[in-house]
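One chain, chain A, links the two complexes that follow: it is found with chain B in the first and with chain C in the second.
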Partner chain A sequence: MKNTYYLLKNGELRRKDNNLIVKACDGSEKVIPIETVKEIYIMGEVNVNSKLMTFLSQNSIILHFFNYYGFYSGSYYPKEKLVSGSLLVKQVEHYRSKEKRVELAREVLKSASYNIKRNLRYYNERGRDLEDEIKTIKNLRKHLDRQNEINELMGVEGNIREGYYRAWNKIVNQDINFEKRVKHPPDNMINSLLSYVNSLVYTTVLSEIYHTQLNPTISFLHEPSTKRFSLSLDIAEIFKPILGERMIFSLLNKNMINEDSFEKEMNSLYLKDSARKVILQKYDSRLKQRIRHKVLKKNVSYRYLIRLECYKIIKHILGEKNYEGFKIWW
Partner chain B sequence: MFYYYFICKRKLWYFRNEIQMESNSEAVEIGKLIDEKSYKRDRKHIMINETINIDFMRNRKVIHEIKKSDSMEEASIWQVKYYIYYLKKHGVEDIKAILDYPKLKKRVDVELNKDDEEEIEKILLEIEKIVRDQKMPSIIDSKICKKCSYYELCYI
Partner chain C sequence: MYVILVYDVKLDSAIGQKVLRNVYKICKKYMYHIQNSTFEGELSRAQIVKLRYELDEYIRKDKDSIIIFKSRNERWLDKEFWGLEDDKTSNFF
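On to the complex of A and B.
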C-alpha cells in the first residue's frame, strides 16, 4: 500500500540506501521505505538534493511544492516512464479538431456540473432549500449541449459556478459572506480554503495522469498553454465538487475550520499550519475512502476514480469507447 | 509478446501500441521477487537484439525461463519455443529450453520441432496483423482478467 507523505515541518529530505530520511529541524529523523511512497507534498521549507531527485525519478515519485503561504509553487515531475507516441499524436488530434475538442470539453463540464448539482441536492435534502439554485443549474446544463465553442462552454460554466457559489451561504453554517470567487489573493475564508483545496485536487490529478500515457499539457477544456499542466485542470473540474467542495462544507459545518484557522496578514487570509494539517488529514482520508464501482464490480478509492477517468479518456482518444465523465452515483 | 498472444490478444495490442501498465499488482511484485531471488549465481536477463529477453542461460545450450506458477504453461512453452526459434534464425543451433518454477520445485523441458517452426511463423504473421490493426481486439471476458494489470483499462 503506497501512501502520500505531507511534509509540513521545515527540515531535510534525503536518500539513504533505498529509503528516504526525513529530518526535521528539531533533529528528529524518520525513515520511509521507498516502496511505501506514492508522492510527496512539501509544505515546509525542506532541503533536497539531486541525489534525492534521481532516486525519486527512478521510483516514479512526484514532489509537489507549496510555498510559505500555502500556495502551490510547482511539481517535480520526473521523466515520463509511460510514453506512447501514437497516443500522443491522437491526443493532439483531439485538441486540434474543434469538433473533437468540444465533445470532450463538453463532457467534462457536464460531469462537473452534474457533481455540483449533486452537492446541492445533498444539502437540499438536509433542509437548506436550494430548489431555485438546483433548477438554475439544471437549465444551464441543458445549455451545454447547445454550445459548440469552447469559450461559450466556459461562459456557461462560469454561470453554473456563480449560481453554485451563491448557494454556499445557505450551505455553510458559519457566518461568512461569500460573494464570489477571488483568487489573487483570496479575500475571505472560503476563497482561501478554495484556493488551497483546489491546488490539492489539481496536484492529485497530476499525479494520477503521470501514471498513464496521457500528456498532461494537452487539454481540451482549458487552453493548453497557461504555465500549467492543463489536462490536470480539465480533469480536476470533475472532481473538485466531490473531493474538494464537499469537504470544505463539512470542515466548516463541523467547525473544524473557523476564523481562528486563519492568519490575517496584508488584507488576505492565510491558513495557519495547524489548520492545514486538519485539511490535509481530512483530504487524505477522503482520497482513501472506497466505494463499490458499479462497472468494475470491485471497491475503488476516490483517488482511483481519477485514474479511471484517465483510462476513459485514453479509450476515447484511441477510438475505442466514447468518453463518459464521472458522475457521482451514490 | 509471444506469451501475450496466447494469453490475451488485446493485451498484446495494447502492449505493442505502447499502452503499458505500471505494475501495481501484487502478483507481478511476487514474480519480480522470485526472479530476483532465484538462480543468483547465473548471469541473468540476457537481452538479445532488443527482441527477446532470456532469463538466464546455462552451458550456452539451454535457455531458462523462470515462472511463478504453471497456470499459463501453454503460453510459457510457446514463449520459450519462440526464443529457440529466434536464436536459430540468427545462427544459434541446438538450443533447448527449460521452464523453471522455483516455487513449485518443478521444471519442464522444451524443444522445438519442425511443426513448431511452421506454427511460429504463422503466429508471427498473425501478431503483426493484430498489432497493426487500428482497432484493438475485444475483451476476452475471462476469469484471468481480474488479475491482469489491464483490467481497469479494459473494463471501465
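On to the complex of A and C.
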C-alpha cells in the first residue's frame, strides 16, 4: 500500500542512501521509505535539488507544491512512464469531434450533478428542508440532455452550482454568510475552504491520471489550455461533491474548523497552518476509506474510484465500452 | 500486509559490518526504522518478495538471521509504548 506524504514544516528534502530524508529547520528529521511513497505534498518551504528530482522520476513519484497562502502552485510531473500513442490519437479525436466531445462532457456533468444531488438528499434526510433545491437541480439535470454545445453545458452546470451553493447556508450549522463562489482571493470561510480543498482533489486526480495512459492536458468539458492539466479539472468535477464538499460540511458542522482557524489579511481569509493540518488529516483518511464496489465485487478506496474513472474513460475512447460516470451508489 | 522485521547480524569481522550496513539500508527503503534493528511498515506481497531478493544478496545464511512477523492488517496489531513514545510511522511531518 503506497502512501501519500504531507510535509508541513519548512526544511529540506533530500536523497540519502537511495531513500528520502526530510530535515526540518527545527532540527527534527524523518526518513521516508521510498517504496511506500505514492506522492508528496509540500506545504511548507522546502529545498529540493535535481538529484532528488531524478530519483523521484525513477520511482514515478509526483511532488505537489503549495505556496505560503495554501494555494496550489504546481506539480513536479516526472517523465511519463505509461505512454500510448494510439490512445493519445484517439483522445485527441474525441476532443476534435464535437459530438464525441459533447457526449463525454455531458456524462461528466451528469454524474457530477448527480453526486451534488445526493449530497443535498443526504442533508435533506437529516432535517434540513432542501426539497426546493433538489427539485431545481433535478430539473436542470434534464436540460443537460438537450444541450449540444460545450458552453451551453457549462451554463447549465453554472446554474446547478448556483442552486447548490444557495443550499449551503442551510446545511452548515455555523453562521457563515455564503453567497457565491469567490476566488483570488477568497472572501469568506467557505470560499477559502473550497479553494483549498478543491486544489487537493485536483492534485489527487492528477496523480491518478499519471498512473494511466491518458494525457492530462487534453480535456473534454473544460477547454484544454496551456498552463494546466485540464483533464484533472474534468474528472475532479465528479469527485468534488463526495471527496471535498461533503468533508467541508462535516468539518464545519463538527466545529473542527471555525472562525479561529482563519487568518484575516487585507480583504481575504487564509487558513492557519494548524487548520490546514486538520483538513489534510481528514482528507487523507477520506481517500483511504473503503467501500464495496458493486461491479468489481471487492473493497476499493475512494482514491481508487478516481483511477477506475480514468480506466472507464480509456475504455470509452478506445471504443470498448461506453463511458458511464461515477455516481454515488451507497 | 503489516510487517515487523527484526534482524541479527553477526559482527565478527569487517564483512559483518558491511552486511549490517547493507541490511539496514535496504530495510530502510521499505519500512520505518522504529528501533535498533527493528523495522515496521505496510508492505504488499510483491514488495516482501522484492525485499527478500535484495536482502539475500548480502546476508550470510550460516551467521545472520532475519525474522519477519506478518499480520494481515495493522488493525490486528496492538502497539503499546512503554517509556518514550515516538510516532515514526506517520505520513505527516
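Methods note: the second predicted complex is superposed on the first by the 329 of 330 C-alpha atoms of A that agree within 3 Å, B and C clash if a C-alpha of one lies under 4 Å from a C-alpha of the other, contacts with A are read in each partner's own complex, and residues count from 1 in each chain.
Throughout what follows, contacts are C-beta pairs under 8 Å (C-beta built on N, C-alpha and C of every residue); 3 or more make two chains touch, one makes a residue touch a chain.
Bear in mind the structure is a predicted one, so any value in this text is a computation, not a measurement.
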First (chain B), second (chain C), both or neither touched by A:Ile314: first
Which superposed partner A:Ser230 touches (first chain B, second chain C, both, neither): neither
Which superposed partner A:Asn18 touches (first chain B, second chain C, both, neither): second
Which of chain B and chain C A:Tyr5 touches, first, second, both or neither: second
Contacts of A:Val295 with chain B and chain C, given as first, second, both or neither: first
Which of chain B and chain C A:Asn115 touches, first, second, both or neither: neither
Partner chain(s) touched by A:Gly85 [first = chain B, second = chain C, both, neither]: first
Chain C-contacting residues of chain A that also contact chain B: none
Chain B to chain A touching residues, read off their complex: 17-20, 22, 134-136, 151-153, 155-156
Contact set on chain A toward chain C in their complex: 1, 3-9, 17-19, 22, 24, 30-31, 33-36, 277, 280-281, 284
Chain B-facing residues of chain A, complex: 60, 81-87, 211, 213, 295-296, 307-308, 311-312, 314-315, 318-320
Chain C to chain A touching residues, read off their complex: 25, 28-33, 41-44, 47, 50, 88, 91-93
